[in-house]
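You will see two complexes here that share chain A, one where it goes with chain B and one where it goes with chain C.
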Partner chain A sequence: MITNNFEYHQPFTAAKAIELFQQLDKEGKSPVYFNGGTEIITMLRINAFYNNTQAVINIRNIPECNAIGFQGDHFIIGGSITLAHLEEREEFPLLRKNCGRIADHTSREKITIAGNICGSIMYKEAILPLLLTDATLLIMSELGIREVPIHEIFDNKINLDHGTFIVQIAIKKSYLNLQFVSKKITKIGRIGYPVLTVNGLQTEEKVRFAFSGLCAFPFRSYAIEKILNSVADSFEEKLSAVIKALPAPILDDAHGSSAYREFVLRYLLEESLTKLKVR
Partner chain B sequence: MLQSIELTVNHEKRRIYVRPADTLLHTLRENLGLTGAKPGCENGDCGACTVLFDQRPMKSCLVLAMESENHEIITIEGLHQTSIQKAFIDEFAFQCGYCTSGFIMNCYALAAHHPNPDDYQIKNWLQSNICRCTGYEEIKHAITKVLKQQ
Partner chain C sequence: MIGKSVPRKESENKVTGTAKYTDDFTTAGLLYAKILTSPHAHANITSIDSTKAEKLPGVRTIITGQDYPILTGSAIEDRPILAIDKIRYFGEPIAIVVADSEYEAQEACKYIDVRYELLPVIHTVHEALAGIKPFIHENLLQYYQVKKMAPNPKQNTANHIKIRKGNIDKGRKLSEVTVNVDVSLPPSDHAAMETRSVRAEIVANGQVHIHSSSQAPFAIKQNICKYFMLNESDVIVHCPLVGGGFGGKAAVQLELLAYVASKAVGGRLVSLTNTREDDFVTSPVHIGMSANVKLGATKTGKFKMCEIKFLFDAGAYVDESSDITTTAATNCTGPYNIDHVWCDSLCVYTNHTYATSFRGYGHGELTFAIERAIDTLANKLQIDSIELRKLNAIKTGDTTPTQAPLTKSNIGNTLKCIQRVKELIDWKQGEIIHLSDRIVRAKGISCLWKTSLSPTDATSGAIITFNQDGSINLHVGLVEIGQGTKTVLAQILAESMKVDISKIHVKMEVDTSVSPNHWKTVASTGIYMVGNAVLDAAENAKKQLKVTASYALRCSPDQLEVGNSQIYVKHDPKRFINLGTAAFGYKYSNGNAIGGEVIGQGSFIMHHLTEIDSHTGKGIGGPEWTVGAQAVEVELDRKTFSYKIKKAISVIDAGKILNPKAARGQVTGAMSMGLSWASREGFIYDDNGKVENNQFRTYKTFIFDEQPEYIVEFISTPQLDAPYGARPLGEHGIIGMPAALANSLSKAAGVSLNQLPLFPETIWKHARGEAIDYK
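Take a look at the complex of A and B:
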């Protein structure tokens, strides 16, 4: 049971959502946007986050947030599209596979893609394919919708301005059907947070890599890609250089010690490089 | 701070008063007396509270009652003598019974959406529910039996 009380608002346009946010913010109600809401509900139940929230704004009924399909050279995904829906779509196989390994199927019926990549839980595995394909985010603010390349707004997490929200995600068509790897290892069984998730994408120039579960945030690293694409070095040399080039210390927690995560990294990288024929 | 909402549950419209912070699970049990959806983890992990939300399986502990207006909710009380219920009895697919309603709702949705699922789809969907008595083999027999009949 959620003991906090809050107001519930359900706008039907993006402009109305922004207007509501500003008004509730002025009233000191610390509003939050609510999409799938799984994280808000579970965190409020245990009083972990969102304790000051006195108003939620459900943006799931905004038509643009539920759009999905091709527009010109891009594949558009509304922020309110659920992971279960993406798991059933064939347009973007890497994202489809990744989404199929986040939480469990019934939970994926509620978790949305924007909720997953903007949440406070560190893994955010749905963002890996978006980082690899240089996705563009369409963000709604009081000035209207603006397009922002994901690399400009993602620095360990998505840094949205106060009161703004993701309406849609756009991915260039040319990235959708490239050869890829998507591998996830959990502590026990198939369901759970990743000990390590690795995504690889074979573009014309090189293989791109993104990781979740290795450090305290998901990331794509150009330095690591340069190392892994080198044809001169042996796998052992590459692995050693990759570990030195990590953007933060390897995670060490109840899901996996840092030594175990390093072991899993070796295993998944070896498999990924072989599958993508980089070795 | 109660608000009036109209829910459609098991094909009946019901007007009730809820706190905006009330989950659908809490509302079904406390406001409507439908105790078939079970509170287990209340964290979206166990699946004991699964209901159908516009024909899709949904963990009712992860849904606010306010979100449920204008959607069709079916609980275990809304299923009558379905083949999956019969199969659970025939295959002894329950022990303590606490997880049973959640499993049945999920199996029912699976059979409706994927009349011919492969092993991967069965596993993928049913991994959303936990049986602490570990009666998984019997549950698998029950769903397999229903799918074969289809």
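Take a look at the complex of A and C:
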């Protein structure tokens, strides 16, 4: 039961959404953009988040947000495309595999890719393939649509300017069908929050890695990639160097102790490096 | 009709979504209640200020503990309906808001200003026994004891059960080998699909109507009368279909709150339904346990003595925990014959959500303890663990830990169950098979037994009425909680009346003002108790029908028989009168009439049960012991410690199987529940005693694609005093699953796994020697 009363708006153009946001913001209604709604609904009903929200703007009916397909050299994914849909698409196998193990199927029918990577839940596993493929985000603001490289805007989380939203995500075609690994370990069972999710991508120059569940945010680290791409070091040397180079302490919570996550990191990295070739 | 897989009477309504549950109701003017619950696990309440909340739109009234300073409890009256002065668990009800809408009621809860003085939290049974101050119940000795208890406030214990069978010193001397095993399992939840829901109304003539998703409508009636000083005739409880009980809905909690909520708004109809979060932590849960088992045997494996200590985590209030503590003690050995048995079973208060009955009622817990000890002993003795179980299996002529004699009727054939499981799991292929350098397949075994600790005078009734078309209506006080008992009762009646099942209509809803009494829909006793009452009622109706028919057919009632919707002359079946006609009297050709409506009445009462002696435990605690054997096959990755449950097997001696598919469904469902419990269920508490996993987001249960292959078979040793020889089987599938899973994984991982739940991380910790008791 959601006890907050709030306005519900459903614009059909990106420009109208921005206009509505500005107007509602001016009225002091702390508006939020609403895509699949899984997070807003579940957090609101337990008063855990969005407590000041008096208006939501559903951007799911904006045509650009629902686009998916090739455009020139890029594969374009609308921000409102659901994880369940991405699970069915063959264009980007790494993303497809990640999306198939985020939440249960009923939720995946609702959760959108933009919602997953912008939400408050820390794992955001759909972002790992985007970090590895240097994706570009198309962000709508009052100035129109702006193309932003993901690395410019992602610093532990996506730092969107107030009142802006992701319309589309663009991935270079050349990255889509590279050799990859996508491995996920939960506390138990196939579905659940990750104790650790590892994504690896084999580019021509090197092997790229991104992680979720290891620290309190998903990340791709150049320092760690450098360690893992070393030809000289043994696996044990790489592992201890990786642990030293982590951007934050290893998570330690009810889903997995930090010692256990480190244990899982060891075998997932070992398996991943066996599959991907360090040159 | 007996022995046929008759589909459930209510299944069409359920699968089409038209079946109505308690919360599937609305009407103009219905008010809604919401509970403000405690954010702390142990605290004094220094003040409650509702002024702000009372002024909010839609709010009708706010009730706090001071408004109803009563204490409740089925064994000891220790629980206020709303906290008074003190909080004893995270999620404890503090206040109720009644409002025009559900959201207004919930919103108002946020504005009730409660001030607390935090107290040290008692996290474990061990901390509780150590007597850290302040105690959870300072006035424990002043509480009214409904049942005889042995409370000790300084150790935070409510009861202490002692079993003293044989001579323990002698048993110790005779034991050439002894194992000493500690096990533990945390409190967890029933996680029924339907959260608890209730609706209360006090109508103009003073009658109280309670609609509840409950397994115990008659207990609700008695409780409301007792605590609020009402006449029994003024309280009417209605139970529609219930969406899963598992013991959790046998406790009376929300009904008392809904009654005071309705009373506070002039008797208007008030609805109160738990959110999933409240259902997890505010309403009572599945008990936790720590135990120590010392099991002694000769070198050849003959069990000589058993010394067990159970510490049951009752949580903040006792409710059913004291009886669970008793049942675990009185059946502590499992289905094994041991001459010298000592058991001390303690019911311990902690700052956890209070516990109530859960499928298996202490037997799954005691079985985990004894069966882990047996596998440990087998390992030490280097004896095959199935042979060890066969050697010690209990049988007719033996006695239970309470010295109750076992007869050819009250115990089944344990040995046969073990033997069949051995074949089904392909034991001779090997207990441990290395599939690769990483993957190990392993098999684990557990036996089980269960009796019901009902009151020694528990009763049931049945009423049969007729329709003119010859069909028959059956009224009983048992609740349909998804277990399918009402369909099987219809089969029993159809068999007795010799009519087709389609001619029997069972009333699904229970209405305590007209339904015959039934103790509670618990303990797998429905068929035994109510089934016997139905047979009694059928005989009673047949007798009446024959008298009426004797006028029409001009012969003695003794010459008549009932069958095929007729009453006919035995030696000349062509002379008959239709059942539907005879059931309403017989009219002569001149218009004169005789007979009258036939209403069959039947009843049942437990017999030959005795109370348990408080010094030795001696007594007859239950009417029968259903026995069985179970096995689990797992595949463990020794590198990652992740595992798959491949196969789960049950062979249960359930006497005559009345409905094979329903029986298989009950046993399979219970096995699935047991595997879920053992592999992943358990509350996680933070340092302040707050439950961290009070949502399905974080409290994981088995999902569909994780189910193993289930094999269920039955052995049929009839129980002579039960309908057609059927033994109870509703709970039994769950009992050995935790032990069988732990036994298989212990073999696969090569370490003793004595703590639940068995997450891969748990196994990894054991393998590293870092395992700790649950908090």
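FYI, the second predicted complex is superposed on the first by the 278 of 279 C-alpha atoms of A that agree within 3 Å, B and C clash if a C-alpha of one lies under 4 Å from a C-alpha of the other, contacts with A are read in each partner's own complex, and residues count from 1 in each chain.
To be clear about the criterion, a contact is a pair of C-beta atoms (placed from the backbone, for glycine too) under 8 Å apart; a residue touches a chain by one contact, two chains touch by 3 or more.
Nothing here was measured: the structure is a model prediction, and the numbers come from that model.
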{"item": "Touched partner set for A:Gln179, first chain B, second chain C, both or neither", "value": "neither"}
{"item": "Partner chain(s) touched by A:Thr13 [first = chain B, second = chain C, both, neither]", "value": "neither"}
{"item": "Touched partner set for A:Ile41, first chain B, second chain C, both or neither", "value": "first"}
{"item": "Partner chain(s) touched by A:Asn229 [first = chain B, second = chain C, both, neither]", "value": "neither"}
{"item": "Which of chain B and chain C A:Met1 touches, first, second, both or neither", "value": "both"}
{"item": "Touched partner set for A:Ile191, first chain B, second chain C, both or neither", "value": "both"}
{"item": "Touched partner set for A:Asn58, first chain B, second chain C, both or neither", "value": "first"}
{"item": "Partner chain(s) touched by A:His105 [first = chain B, second = chain C, both, neither]", "value": "first"}
{"item": "Shared chain A surface residues [contacts with chain B and with chain C]", "value": "1-4, 42, 45, 104, 189-191"}
{"item": "Chain A partner contacts - residues on chain C that touch it in the complex", "value": "102-104, 106-107, 110, 275, 277, 639-640, 642, 679-680, 684, 692-693, 697-698, 700, 703, 705-706, 759-761, 764-765, 770"}
{"item": "Chain B residues within the chain A interface of the complex", "value": "1, 3, 19-23, 26, 42-44, 47, 50, 53, 56-59, 61-64, 66-67, 106, 123-125, 127-129"}
{"item": "Chain C contact footprint on chain A (complex, rising order)", "value": "1-4, 42, 45-47, 104, 185, 187-193, 195, 254-257, 259-260, 263-264, 267"}
{"item": "Contact set on chain A toward chain B in their complex", "value": "1-8, 10, 36-38, 41-42, 44-45, 56, 58, 60, 84, 100, 103-107, 109-110, 189-191"}
